[in-house]
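A short worksheet on the structure shown next.
Order as written gives the chain letters A, B, C and D; numbering starts at 1 within each chain.
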Amino acid sequence: MRIAESGCCLLTGACPGVPHEAVLGAKGAGGHVVGVSPAFSLREHVERYQSPYREYDVLIFTGLGLMGRELVNIHSSDIVIVAGGRSGTLGEFAIAYEQGKLIGVLQGSGGITEALPALEASLTKLTGSEVLYDSDPGALVSRLLTRYTSRDYTCPCYPSARPEASGRSGE
Amino acid sequence: MRIAESGCCLLTGACPGVPHEAVLGAKGAGGHVVGVSPAFSLREHVERYQSPYREYDVLIFTGLGLMGRELVNIHSSDIVIVAGGRSGTLGEFAIAYEQGKLIGVLQGSGGITEALPALEASLTKLTGSEVLYDSDPGALVSRLLTRYTSRDYTCPCYPSARPEASGRSGE
Amino acid sequence: MRIAESGCCLLTGACPGVPHEAVLGAKGAGGHVVGVSPAFSLREHVERYQSPYREYDVLIFTGLGLMGRELVNIHSSDIVIVAGGRSGTLGEFAIAYEQGKLIGVLQGSGGITEALPALEASLTKLTGSEVLYDSDPGALVSRLLTRYTSRDYTCPCYPSARPEASGRSGE
Amino acid sequence: MRIAESGCCLLTGACPGVPHEAVLGAKGAGGHVVGVSPAFSLREHVERYQSPYREYDVLIFTGLGLMGRELVNIHSSDIVIVAGGRSGTLGEFAIAYEQGKLIGVLQGSGGITEALPALEASLTKLTGSEVLYDSDPGALVSRLLTRYTSRDYTCPCYPSARPEASGRSGE
């Protein structure tokens, strides 16, 4: 997985589906994986949300439910990648944009990704967010990392004196 | 204000701007107004968020910040109306859709409202949410209330045995 | 109920038990009652938490779970009354103390109330919180209101320029 | 640091003071350290909360404020250690007890620790929580780990089929 090979930490919502496939890829490549769970305990995580847990290096139990944990998920990510997705992912995109994050959209992955260019154009609020579009997953990750590590990149999330790059990434 | 005249309670994010104009309209019409604040105290509400407070019948201090309080805001509303708006409103739309709420979009009010029809079409998840579009505010409220009070309307938010209509509305 | 007769709004966690008895008392006295629910929807409120809802003038669905909603509960109250209670109530006491609230403890009501005087003495952090103890419910409410409305009372929750008394109360 | 030497991950509120001294100790011993921040961004973490960040392997930005992040902090810990502390720590103790966690209290460390035995005795709710007291830090950690890894230990946080020990610890 490109994300892990790039030295990034992968952060997901610790849910089944596309995010978990990314987790398996990152673990296979020796990456560090953090899961931000909607549940308030491992029991709720497994029994109510029927979500995986064995592959995570760190599991955070927010107890905030499916939409609430997305706040923590996005706040804790440096780069947000959107692949497919429905209303939950739309909420994450909105939070990421509002927080001025660097966002990558995997074109051709269905779901809300086709509607995002027109939507982004209507978001006239200057939050500092930058959105990159690419239909090739590897190229998308590369472009995001190039931008993220470029000298002139900054995020409103950072202190005025920018910290050293810590290389986190979420989806 | 149509919302107050209809016997609805108006619930907003207790912020300045369009929502506060709705609050003033509802109060003028004798309505009941609830504000869901991002702040954890009245001090933070006034000094950090520079938000109004005198016109509210009830002020709830969530302490969850601008995006976090939107969860509480939407969860506590029966009907959600989108007028204009940017990334914050987009997050509320996403939450409302995910929760299966009855949503009204005021067409022609700018912001994200023009991009919502195409976006909604890409939200293939069947959450039970219904989205009505109208460019006339009064007609939009009327249509929402007609739908909300119709015998066959139900929301996944309701218990199996639907409670009596309590007529709340948010924006 | 003394709280309602005093013109206060009663705010509870919308749960069964002692808080709901206070709700019934306040409604009988013509009071205004706000419930802050752990659930994210009325369905979850009723089916998962088996909690009452018909008696509330306003129900706020936080979606934060039993402990998370306590934050919203306490943040939104001017006066916090502790009667009996176990670990959940202890959490509310801790939050209320941390936020500098005016707190009333009903002595003789069991639960954690007997241990609170010694505990309070060990809380050396000057948060501005004041804790009144009384074994008579009516006297406790009277003393709390006398203190709350006294000219020299202030709470760190208030803006520097104190707002007009809005008379809220929670438990 | 005993916690790191035991193969545990240290989880703290990423704040200055005693918790940060534990972080420095754990890092020196080669441990893995997770910080759960009250801030919604690194900027707020540094500028508003004036908190450290360089020593953490993972930083989670909850955006929930000082008391709200404690929920995430405690939910995500297997073992909770109380050393000194005031109303904030009291809130964490309450949440940990409510969630049935294994709790260690460092006797003689001041703050609320002296009042906790009497308080615990008044918490008649059977949550499954166990509280161990010891005035020696090393002995306290050893006893907690012995209990935590014993065959008959279980926590209501775990699924019915207990997962393999993942060895997390919080403070």
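The criterion applied here is as follows: a contact is a pair of C-beta atoms (placed from the backbone, for glycine too) under 8 Å apart; a residue touches a chain by one contact, two chains touch by 3 or more.
Fair warning: this is a prediction, and the values are worked out from it, not measured in the lab.
Peer 1: Look at the interfaces B-D and A-B and say which one is made up of more C-beta pairs in contact.
Peer 2: So, comparing the two chain pairs, more contacts are at A-B.
Peer 1: Specify the angle of rotation obtained when superposing chain A on chain D by their C-alpha atoms, rounded to a multiple of 5 degrees.
Peer 2: 180
Peer 1: What's the farthest chain from chain A if centres are computed as the mean of the Cα atoms?
Peer 2: C
Peer 1: Just how far, in Å, is the C-alpha centre of chain B from the one of chain A?
Peer 2: 27
Peer 1: If you average the CA atoms of chain B and of chain D, how far apart do the two points sit, in angstrom?
Peer 2: 38
Peer 1: Can you list the chain C residues in contact with two or more other chains?
Peer 2: Residues 40, 63-64, 67-68, 71, 99.
Peer 1: Would you mind writing out the residues of chain D in touch with chain C in their complex?
Peer 2: 64, 66-68, 71, 86-88, 90-91, 93-95, 97-99, 111-112, 114-115, 118-119, 121-125, 127, 129
Peer 1: State the interface residues of chain B toward chain D in the complex, per the touch definition above.
Peer 2: Listed in rising order, the residues are 40, 63-65, 67-68.
Peer 1: Please name which positions on chain A make contact with chain D in the complex.
Peer 2: 9, 32, 34, 36, 40-43, 46-47, 53-54, 57-64, 71-72, 75-76, 99, 156-160, 163, 166
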